[in-house]
Every structure is written in C-alpha cells, then in structure tokens.
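Everything on this sheet refers to the single structure shown next.
Chains here go by letter, A, B, C and D, matching the order in which they are written, and residues are numbered from 1 within each.
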Amino acid sequence: MKTHVLLWQCRDQKGIVAGVTEVIARHGGNIVTADQHSTDPDAGLFFMRVEFNLDEMSPESGGFIEDMQAVAARFGARQSICDKDVKLRMGILVSRHDHCLAELLYLWRSGDIGAQIPFVIGTCDGNRQLAAQYGVPFHYIPATREDPRESEILGIVSGKADFLVLARYMRILSGDFLRAFGKDVINIHHSFLPSFKGAHPYRQAFDQGVKVIGATAHFVTEALDEGPIITQMVESVSHRDTVDGLIRRGRNLEKRALAAAVAGYIDYRIIVAGNKTVIF
Amino acid sequence: MKTHVLLWQCRDQKGIVAGVTEVIARHGGNIVTADQHSTDPDAGLFFMRVEFNLDEMSPESGGFIEDMQAVAARFGARQSICDKDVKLRMGILVSRHDHCLAELLYLWRSGDIGAQIPFVIGTCDGNRQLAAQYGVPFHYIPATREDPRESEILGIVSGKADFLVLARYMRILSGDFLRAFGKDVINIHHSFLPSFKGAHPYRQAFDQGVKVIGATAHFVTEALDEGPIITQMVESVSHRDTVDGLIRRGRNLEKRALAAAVAGYIDYRIIVAGNKTVIF
Amino acid sequence: MKTHVLLWQCRDQKGIVAGVTEVIARHGGNIVTADQHSTDPDAGLFFMRVEFNLDEMSPESGGFIEDMQAVAARFGARQSICDKDVKLRMGILVSRHDHCLAELLYLWRSGDIGAQIPFVIGTCDGNRQLAAQYGVPFHYIPATREDPRESEILGIVSGKADFLVLARYMRILSGDFLRAFGKDVINIHHSFLPSFKGAHPYRQAFDQGVKVIGATAHFVTEALDEGPIITQMVESVSHRDTVDGLIRRGRNLEKRALAAAVAGYIDYRIIVAGNKTVIF
Amino acid sequence: MKTHVLLWQCRDQKGIVAGVTEVIARHGGNIVTADQHSTDPDAGLFFMRVEFNLDEMSPESGGFIEDMQAVAARFGARQSICDKDVKLRMGILVSRHDHCLAELLYLWRSGDIGAQIPFVIGTCDGNRQLAAQYGVPFHYIPATREDPRESEILGIVSGKADFLVLARYMRILSGDFLRAFGKDVINIHHSFLPSFKGAHPYRQAFDQGVKVIGATAHFVTEALDEGPIITQMVESVSHRDTVDGLIRRGRNLEKRALAAAVAGYIDYRIIVAGNKTVIF
C-alpha cells in the first residue's frame, strides 16, 4: 500500500473536494489526511493537499491519474501527485559557515530528513571534511562575486538534484542560473525578512537595537531576499547581545528554520502561490 | 448564504471524505475549509471539521440533514452540524480574581468573541461593577467550599447557557452539578498541567525553581484539573521572579489561554476524543 | 525605609561600581538589586541601575545626593535618582482602537501598573465611556492630519504628565510638540520594526506573506517609527490568517508589548543610549 | 589582562557590593559586568556574579585572593574565583541517542562551547564514530541497569573531568558514584519537569494530550529527575503529533536546552542554591 500526496490549486468554486475525493474513493484509495485552504473571496483561490493510500498506482494501471487529470481540467486546476516513497534528491551549496550544513547532514543521517543528498558544493575546501564524515560527495568550487562559476555548478546539479538548498551560500545565483536549473531553490537568510535584506543583517539588527532577531527560509527568486517565505524563526535578544552574540544565537535560528523548511518541502507540504506560500 | 460547520468522528475507514463531501456538493453547498485528522493506525480514529456554505438549510427543507445522517450511520460516526450565525450562550463563573473575566468581556464587546453572555455569576460582589460596565447581568452567589450553592447556580444556568466558562472560579463543581448541567464547562488552570494540579500552583512552581510557567485551559471533568486540555500557554521566568511576580505574569498567560480556548470553542473547532482534544 | 533607583551612564572606566556602591554603603543604604552593562570596547559605554533602600533621603538631609553627584562628576556620568514610592503620572492618547487603552486601564486598576493616570485624550468620543468606567478624566480632541490640534493637547499635558503613552494614537506628533512637552513619549507600532513602518502594517505583512508578525513599543522621535525600541513581541501566523485575522491577533501583541514597555518605564528600568535602549 | 569571575552567595545584608567592589578597585581591577540577586526578605539570600579584569592575579602575587577571602569571611559568604581563560574539562556520557552529543561536539568545534572534551563514554559502540570525527577519545562501556559498571566509569572520569554531561545517558548514576566523583553532573531530561519524570516522557505527554512539550536540563542529584533546574525549553504541539513526532521534535528542544545549560555552566553563570538555580 503506497502513500501519495496530491497538491492542488485552482480558483475557488463548488464541488472541488467532492470531485477529488470521489476519484480517490472510486479507485479504492484511503485518505490519510487532507488540508484545504480558501483565500478571502476577493482573491478567490483554493489550495488543497491530500495524502492518501492507494493499493496500486502507476501511469499504466488503473487510470487513476487520468481520472484525476480530468477532474483537474474540469476545475482549471494545477495539480501534482507525488509518491511519498520516492526520496527527493537535495543538492546543497554552502560557503564558509557550516552550521546549516552540519544540521542538515545530521538530520539526514538520523532519518529526520527523508531525502537523498547527491552532493555538497562548497566555496571553501574546509567543508570537504564535514561532507566526507557523512559520506556525501563534495565539490570544491571557489565561486566569488566576480567569478560565480555558475556553469560549472550547473554541470554538477543538472539532472542530479530535484531541488537545491543554499545552506548559507554567500553567492547570489543569477536569473540565468535559476532558469537553467528550472527547479526549486531554498535559501536561508539570516534575518527576519523583510527587515535587513542584503549583507550583514546581524550588524544591521544590532545597530537598530531590535529586541528580537530572526531567520527566514525562502524560495530563491531573481530579486535578492524577496522570494516566497517558507519559515521564520525568532528569538528575543537584549542590549547584552553583541554583534558576535547575535551571530552565534542566530545560527541556531538559521539551522532550525532551514531544517523545518526542508522537512516541509520533502514532505510535499508547500504550495507556492504568487509571492507567498501555503504550508499545509 | 449561511455558513455551517460539520464536526465528525468515527473509526478510520475508506471513503469518509468522499461520502461527506458528496452530500454537500449534491445539495449545492460550497466547502469553505475542511480539516481531517487520522490518529495512528492502532487507535484508528478519524476526525473531521468541514465549514461550508449552503443556500438554504433547515430540518424541514431539502433533506440535507437526513442525507448527512444517513452517511454518518453508514460510517458509524458521531456528527453535529452547527450554524455559525447562531451565537452560543456563554455563562461565566468567577471568584475574586477578575483578569480573565475582564479579558473575556472586552473581547466580547470588541467582537473578537462572537458569543452571547447571558450572565456572570460571581462569588464576590466586587465583580458586579465589571459586569455592569459591559451591561451583563450579574448574580452574586458567595459559594464556599462548605456551601457550594450548586442548586442555586444550576437554577441560573439551566436552559440559559450553552456552555460555561470558569474564569478563575475557585470552587470545585461536583459531578452531580456537571451531570445536571449536561453541557461543556471550560476551566482555566493557572499552571502548565499536569504539573502543579490543585491549589497554589505558582507557589509550587516557585518552590520547584522551574524556568517556564504556564496556564492550561481544559474541559472540566469530575477529576480535578484532569479534563481534556484545550490550550496551553507558557512563558520563560527566572530566579528574579518572586511568587507574586509569577502570579502577575501568569495572569497574562491565563487570560490568553482561556480566550483562545473560548474562541476555538465558539468557532466549533474542538472535538473531544477520550481524555484529549482535536483542535482544528 | 524608602526604595530608590539610580540610573547611570558614562564612559567605561575602572572603579565605577566601587565608587557608587561605596557612597550607598557609607550612608547606610542597602542594595536590593543592581545591574551593569558594558558595551563592546569600541563603543566603551557603561550603564548601571541600582535599586537600594536608604533610611532617609531628601535633598536637605544627609548629603547623599551631593555625594553621589560628586562621584558622577568624577566619572563624567549622567545619573538620576528616582523615588520608587512616587508614582509617575502617565498621560494616555488614543484614537479609535481602544484595546491598548483597555489593557493599560485594567492593569492600572489591578495594581500591575503602578502609575497615576491623570487623563486620557481621545480623538473619538466613543472612548469616553471606557475612561469613565475607570474614573479617569477624558478629553475629547478630534485631532486630524490636517488639524492636529497640538497646542490644545499641549495645554492639557503640560505640567500634568511625567510621560505620555500613545496607545494606538493614529496622529503623528510634530517635533515642535515633542520639544515643547520635553518628556518621554512611548508609542506602540503594530509591526515588527523596522519592517512595515507607516500605515497598514498588517496589510503589508499579509502581502509579504510573512510567517511571524510583531508589535513594537518604542520612544517617539521626530523620525516616524524610528525611535529607540523598548519591547517587541511576536507570534507565528500562517496562510490561514487573513488581514483581519492578523489585525485581531496583533491586538494581543500590541497590548502586551505596550504594557511591558510601560511597566519597565515606571519601574525605572530603561536607559536610552543613542537610538537604542538598555533595559535592566 | 586576564578576566575572572567571582561567584558569591551569602545572607542578604548591607554593604556587600561595596565591600567586594572596593577590593577589586583597590587592586586595579575593572568590572566588566556584574549581577546581583536578592531573594524575598523571608529567605533573605544574596547572590552575585562579578566578571572583572585584573592585570595580574595569582595566589602568590598581590594578595587579591586573600583580601577577597577576608571580605567573604566578614559577610559569611561562600565564594569562588574562576579564571575565564582556563577551559573546563567536560566529560560526556551518552547512550544510543546521539543528537545531544552531536550538538555539543559541533558547538565545541565551532568555538561556541569554550570547554575541553577529554572523553566521551558511550553505552553503544555505534557512537564511537561520531566522537572519532571530532577527534575525541571514546570509551565503550556497555553499562546496563543490572551492571551499571560505575567503578569503571569512575576510573575514567576521576581527575580528568571538571564536570560531567549526561547527553541522553539512559542509566541512573548512583549516589555512591555522585559522591565519589564529587563534582557537578548535568543531565538533560526529555520532558518539561516536574511533568513526566522517569521513562517514556513523550509517551506520557502524548497520552495526556498536552499542547506544549518541553525539555529540562538540570543538575543530577540522587533523587531521579529532581535536581536543580538549569534551563527549560518548550514548543507547541497539536493532535497531529504522534509519539514519534513528539520524540523527533523533542530532540531539537533537548539539544538546545542542554547546550544552553552547558554554555551557562562553563561561563560561570550558574549558582546552585538549595534545589534551585540562580542563572546570571
């Protein structure tokens, strides 16, 4: 008995849930859990995630997928059906700071992150050892602002990763790169966006005297630090926290926010709608 | 177009969501939002909340309710259908401390709590003024441990309240009272249950040197401070907090936890299952 | 035995604590609690709050104040000595939304906010009733953007308030007003500053799809929403929260953040240093 | 210029701060930061932590320590002076679950935990690899309930560790062991104490239907899970969290709570007073 996830979005209208669940029931499926979300009537959008068991499902057998596509066509919906047993391939890019990388690798080995990790790409050779400890192939590509070496990176990631995670990757990926890769890229920004975009957010936070700091995991778009937000984690600070102290405490937020975003992504819980996310 | 909420629980089995949503769709209803929850396979329970619009619905017209009852019978489900436009009548009992009462009354007047408040029963006449400020009838019943005056209270609440809220009511309601009233009673306990049941929880917390305090809103059962938990709110404390300081900070937690529980209750978001709650 | 608070700031240097505490000890005082803070060596600033009991203290008797001033002069310090038994006079300004006003008045009556409240100034006559419930004089001044009626307000507050609280006051106080009043003004902004300055912050937060909202209490300066931050409170939100939902949940944050800021202020726990605060 | 920390506790009385800071000033020291805490007058206790720079300090030179001891004797105080540049030796004991061990080792290598780690003792040989990755000696001692092998453990730790950390060590250390070791032992318990002492706390939490889970770092005493609490961290959960889900989310709390406790300990911020802690 295999578990699948249906992700669905369309204009809000009558009968969607009934239509979708009827197909699942007709094919003998059992709904494990389902979530729906309707935006306010002005926007008029409808989102749904359905996790269900089905004895047998393949493009060839049963016609389940065709039946679901027919329902989707009727409602003008974008939908995808994902097999929970197939582990997504998560490529990781990292610069000098390795705390997010270390967290992801640890959670991956302990089974909390149910993905494959085909490679780590690092701008510092010093991260090679950490990847090696976990038996993950490491590519040393000393990308710089002047020489981002994107075609080299693209050569590694193309066809080998279902999505990328920038685990404190301090280079900006160009629009050309993003289009060529064509799949999702998740970044961790070390501030509570939209506050403190760009460089040195903890320094900015310190100078502003904020009493709470944050970290934000978001999808990468061409606009720097502006893609759809996935998770945000925050923590109270005080006048006693120096810039270095904020950086140190922020590391904890960053790794937790990124790990939560990745966990949601590989569990097929995230639907992107415009510049926002629906997280089921 | 009226909005209704269906609350449903039964043993987990195939086709429930499809069966229910088909009835709604057949009668021209539109699902606003829906939530399902399946427990682990051992327990094998299924819970659902569906909020839907239906042009017309009454016991007489349309047969919607009969159709839904038929589906419920097929799945062996307990279900109820609630009209969101009908405001529940919330009776409040209070002792000396009035912070929870003040919060509920304020949120009620500002529209955040969409209920009716037919009365406040207080063991201190000093609470009369607060109720009067909000135009709510006040009954002064100086119940004591020795003389809980439950029949007097029952005379007021019977038939006039759909549920009761103990907004820091320092008397224990007997099993006889609870059975005679026959409806839900929500209490706020000033600790993070199951820690510190009974009297003086902040003193207990202080003596234990805990670093976090909490407040717990729960349904009342005959067993003291043991009913199904609805909401819990917590806050960090330190060695600097005296017992009085804990009490003062705890008031904030208590009023927030109780207000959240009440808001969930009147929005028909809570299903009780054994000694636990499902909060959609 | 009276309790006093010494607030102190100067350049960091040797012997400050010893110098100050020696004066207190010499006059027979007993330190209840003391806090110090040194910034990083670059900035090189030192802050201190000392709460102490002294049997007798008045400008005339004992020479304590003179001795402390001598120590302050030696270290080039700015210091003030406040009598904890003298309750500060807190003037409140409010516009239509009254949740912060209601919270402050309730906490004031229950003794949690140990201040005097000489008046409430409101731009809506509808707030009159709430002030009257608590027996606080109410002045109805329908200030608008075009006609802020600041001289009228100044006439009321001058000499009658030790500080002002803008409890969701939707008018901007001019630099002229602030200079003429010459004392502290605390504002609550309904966002997590520096995100979402200006109008409609919850709408901005909704449009950005943030996963955490916040509220910020800060001192008012001429630059809109840029004064030193006192407290910030935050809460997780999701795609399910509409703009109205954010507003409703935000009210809770606003009243808590403002109440905490006011409590710190009247307890003499706040030192302003440049555009930041030290909160002991 | 070396940095030292003075930890101090005595009965509350006049002149303590002045007496102590005078000694520091007289020897040319500079106070970096200082914290005091007085309990309520009934208990009448006074605690202090002073971090200060002193050009030269050794038992032989200057007489600083003798002068401080004289002041301590005058006030009947227990005090200790610690050299911040001397790194404490932290011995770690672990059973099967390695998430706390991994966190401590990572934070240690990244410099966030400024201690030495002379050894890891594990009941599972599987943890050997993790210790080896960080170059830390590993001792495999398969202690069981029946055969706790405490003398073997004692042989390793005696004289080689300044304190022990039980990083999810599932064996109970006897009173004999604790007395023989004679130094502090910090444990992480995977619940919000005093709730859910003993085994399977997440199962207990699940069965109770709590809405918040927690983790507690505390000093070990002979009474199981009852020693003075150092840190507690909590997180909201819902009916959707299975026991396994609680365990998984709890791991995050456990490693954060334990790391915070260790960081406070090696920074000399913790004073134990009876069954409680003062954390400066």
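Definition applied: a residue touches a chain if its C-beta (ideal position, glycine included) is under 8 Å from a C-beta of that chain, and two chains touch if they have at least 3 such contacts.
Since this is a predicted model, take the numbers as computed values, not measurements.
Enquirer: Centre to centre, using CA atoms, which chain is the farthest one from chain C?
Expert: A
Enquirer: Weigh B-D against C-D on C-beta contact pairs and write down the one with more.
Expert: B-D
Enquirer: Between chain C and chain D, what's the gap in Å when you average each chain's C-alpha atoms?
Expert: That pair's centroid distance is 36 Å.
Enquirer: Just how far, in Å, is the C-alpha centre of chain D from the one of chain B?
Expert: 41
Enquirer: Got the chain D residues that touch at least 2 other chains?
Expert: 37, 240
Enquirer: Considering the complex alone, what residue numbers of chain A touch chain D?
Expert: 33, 98-99, 102, 106, 110, 112, 133, 248, 251-252, 256
Enquirer: So in the complex, which bits of chain B are touching chain D?
Expert: 37, 40, 47, 192-196, 208-212, 214, 228-234, 236, 238-240, 242-243, 275-279
Enquirer: Please output the residues of chain D touching chain C within their complex, sorted ascending.
Expert: Per the stated touch rule, the residues are 12-19, 21-22, 24-25, 28-38.
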